[in-house]
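Next come the structures, one after another.
Heads up, the next two complexes both have subunit A, just with different partners, subunit B and then subunit C.
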Partner chain A sequence: MRANGLKKWFEERWSAFLLSFLILVLWETAVHVFEIKPERFPGVFQILKGLWELIQDGRLLDYVVASLFRVTWGYLLAVGLAVPLGIFLGVKPFWRRTINPIVQFLRPISPLAWTPIALMWLGIGDYPAIFLIFLAVFFPMVLFTTSGVAGINPTYLYAASNFGIAGHELYSRVILQAALPEIITGLRITLGTAWLVIVAAEMIAVKSGLGYLIVDARNSLRMDQVLGGMFVIGLIGLLLDNVVRQLEKLPSIRWKRLKQ
Partner chain B sequence: MSNKVVIQGLYKTYEKNTVQSADKHVLVDLNFTVPTRSFTCFLGPSGCGKSTLLRIIAGFDNPSRGAVLVDGEPVCGPNPKHIFVFQEDGLFPWFTAHENIELGIRHLKDAQKRHELVLEYLEMVGLSGFGAYYPHELSGGMRRRAEVARALIANPDILFMDEPFGALDFVTRLQMREEMLNVHAMFPTTILFITHDIDEAIQLADQIVLFTERPTRIKEVLALDYPHPRDFTKGELAAIRRHIYRLMGVHAAL
Partner chain C sequence: MGHIKANSPSPMNMKKLTIGQRIFLGVLLWIIFISGLHSWRNGELFASNVLRVGFVPITCHLLCPVTYELNKDIPFKPIKFTAWPEMCEALKSGELDMAFILAPLAIMLNAQGFPIKLVMLGHRNGTGLMVRKDAENADLNWLEHKTIAIPIRFSNQYLTLLDLLDEAHIPESSIKLVEMPPPDMPSSLAMGAVDAYIVGEPYAAAGELNGAGQILYLMKDIRPGFISSVLVVREDVLKKRKKDLQRLIQAFYKNGAWIEAHRKEAAAIGAAFYRLPNALIEHVLLSQPDRVLYNDLLPRKQEIEAMAASMQKRGLLKGNFDVNAFLDTSMIPEVSR
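Entry: the complex of A and B
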């Protein structure tokens, strides 16, 4: 069973691995053939060497932890507030009509536009970065949850009332569950956004984290570490996305996608 | 025989600004009774408002005028003793078949008892071993059975069924009809069953309430006091069948 899964996993991905490998080979060769200076565009091995330096002096781990710490807090705070608010707006048409336009208006404003305000209110450090992540996640998450709840098939609500399911049980066993597939989609998309925003936020608002690593490396003309930092950011983003994707495969979530 | 459901002068009108004013009236002056323990079929063209009527009797919707009495009392809201079986999507897709059926006995405190009862009902509808499956992992017929089990385990006085087998293939539909007759023989339940399938109504019903197109009135109420299994190709049943076909606008003897 496990060996089979591994085989299938490899069968689906070997071509992607092969292409990635070929790109790296081509890259390294091009850097040598055209004699490109490392300050302009480093080769693959130089990047790995630069990363190794960062690993050895402990900065890489510190920065990864710092970035993840900020994303985690901003994300959890935003989700923790957005989901209840979204459920409330989903079940109360009046409040949906009243509040949704404001959320819709605020959502397309890039969280980075809030940077001046964040810095002025919260100074330099973790707080402005967490605040920007919060903004990046909160508004879309409210909208995802609201539309998930407002779009619940009324048959489920009829059936619930028929069996006398009411009060908090109606929320926990029916409304939340019915909206969960859409909420999970929101969780996945906003986690991606949060990871995009943290790098940008750390370039401006703090002196640590992967975003700061990029700025710092550029200032000391370390292109190898700029690209190394980008590589790590991409890798972690991919891992985060994969974790949430596992949630979407749960049978109590998957029904919605099968229906569409 | 006493009456389980009494409908008196029932109207349903939508106040919405519909284009044609004739469309506002969905149900017009309905009067009929449903005998206790009967199998009553609502028969009528698609979109004629039979579903609206069933929802009103089940307490999901209110009449604009008139009275709906169940056991002599006006209906006020849904009731766990009056279970509705939907055409589709009645099961909660985020629960397994077992968890869905257990909803019908959620008032029972004893978890062990609940578990055993669910297993018993799963077996009764031929779904032994499928308790851990989610609805989307079951076939259409199995989903219907699970929903019927969820309804029956609640030991309902009234079973509402809104074209429950409409989405099934022909043979599965026949099997489900057969099982509904068994259910009706085994359980002391009044069944209100919507269909637009004349043969289905003739095979199942003790009483057929025939509706017109919208604005919907009652065309005729027929009592069918014949034993099962029923062969509607000959005798009185064949005559009744021809009669209903003609009432519904099919004139050639099919």
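Entry: the complex of A and C
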């Protein structure tokens, strides 16, 4: 069973691995053939060497932990507040009409535009970065949840009412379940956004994290570590996306897929 | 996993958790794990008696790493910044007690009503005006219609560039100025994105060494005694901890003389602390003895007055500025005057 799974996994991905490998070979060759200076564009081995240096002195672990810590708190705080608010707005048309325009207005403002305010209010360190992540996740998440709830097929609600389901149970067993596919999509998209924003936020608001690593390596004229940092950012982004993707496989999400 | 029903409530069987409960538990464990790891790896537990000093990895702030290395008995912590605005905010919010900061930026902060005192200079000279490698026989006139990078408007580099252009009768409107982080300047010059830049060391030397550009002027030759950064202290810290501050500032002063006598060692300390190539810092400190100077760090009233006047002239400072109230050289050793 496990061997089969592994085989399938490999069958699906071997071409992507091969292409990635070829790109790396081409890259390394081009750097040597065209004699590109390492400070302009380092080769693959140089980047690995730079990364190894970061691993050895412990900085890479520190920075990965710092970035993940900020994303965790910013993301979960935002989701924790946005989902209940979204459900509320989804079921109360009056409040949706009142509050939605404000959310819609704030949503397209890049979280990074809030940086000066975040720095002024919260100083430097974890708080401004968490705040920026919160903004990046909160507004889109409210909209995803609201539209998920507002779009629930009324038949479900009638059926629930016929069975005498009301109050707390109606929210947890019918409304939340019915809107879950949209909410999960929102969770996945906003986690990607959060990861994009944390790197940018750490370039300005803090003194640790993967964004800071890029700026710090740039200031130290270490292009190999700049690119090494980018590689790690991409890798973790991929892992995060994979984690949230697992949620889409839940039976309570799949029902909608099957129906579609 | 698929065979477990998503909503099967199982209150009777605590061992069998629903998927929702599992996810909740997983998230909770992750929060505890990552928070614990973060506070272990990145937590900064400052002792209350430690003076926190902001700096940027440039040779103008070399006293910071050198003193940190030489005077382990003095409780202070250098905190590295990569951009000036964050440093200003950290100073304002009290996360820093003092900072090495660009002199015009310090003047502007003080003029805005933020209570800081200028206590000493970072170093003297240590700034270069660099031009493209292919600029033959370049002089000031060559700069006309060119794109020139400056670190930030609130810098003596910018003020001096404008003065130089005035001297050559080149109107500011005939050049294109761009604000740029200093580490990007050498590569921008190499790529032809800018034609020239004026910046503090080691980023002038970086352009010189990587072949991107050539020196048009070093400040030691055209503005001897040039001031780039100064050390400022929050007034509340000054009132509360004058004795500690005096000890640290006197150590900074003493170490200025130490750098002059041990330039090679000082370059090694700076390169390691800044994570910059040793050859680069050595070039700045050793190629010409007066390219950077650490032996006259007393800020003089007329120097700061002239800088404030220049800022007023360029529209960077409105109204009068009281230099006497801004300067506090009382902690500098008597022998330096």
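Keep in mind that, in the parts below, the second predicted complex is superposed on the first by the 260 of 260 C-alpha atoms of A that agree within 3 Å, B and C clash if a C-alpha of one lies under 4 Å from a C-alpha of the other, contacts with A are read in each partner's own complex, and residues count from 1 in each chain.
We adopt the following convention: a contact is a pair of C-beta atoms (placed from the backbone, for glycine too) under 8 Å apart; a residue touches a chain by one contact, two chains touch by 3 or more.
These numbers were taken from a predicted model, which means no experiment stands behind them.
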Task: subunit B or subunit C, by number of subunit A residues touched - done: C
Task: Partner chain(s) touched by A:190 [first = subunit B, second = subunit C, both, neither] - done: neither
TODO: In the overlay, answer first, second, both or neither for which of subunit B and subunit C A:46 touches.
DONE: neither
Open item on the list: Touch test for A:159: subunit B only (first), subunit C only (second), both, or neither?
Closed with: first
- [ ] Mind working out whether A:178 is in touch with subunit B, subunit C, both or neither, as first, second, both or neither?
- [x] first
Open item on the list: Contact-wise, after the overlay, does A:145 reach subunit B, subunit C, both or neither (first, second, both, neither)?
Closed with: neither
Task: Touching both subunit C and subunit B, counted on subunit A across the two superposed complexes - done: 177, 251-252
TODO: Could you pull out which subunit A residues touch subunit C in their complex?
DONE: 37, 39-40, 58, 61-62, 65-66, 68-69, 72-73, 76, 116, 119-120, 123-126, 173, 177, 204-205, 207-208, 212, 215-216, 218-222, 247, 249-252
Open item on the list: Using the touch definition from the top, list the residues of subunit A that touch subunit B in their complex.
Closed with: 153, 155-156, 158-159, 161-165, 174, 177-178, 180, 251-256, 258-259
Task: Residues of subunit B defined as touching subunit A within the complex - done: 55, 58, 60, 77-80, 82-84, 86, 88-95, 103-104, 106-107, 134-137, 154
Open item on the list: List the residues on subunit C that touch subunit A in their complex, please.
Closed with: 1-2, 5-7, 19, 23, 27, 30-31, 34-35, 37-38, 41-42, 57, 79-83, 85-86, 89-90, 92-95, 181, 183-184, 187, 190, 206, 210, 274-277, 280
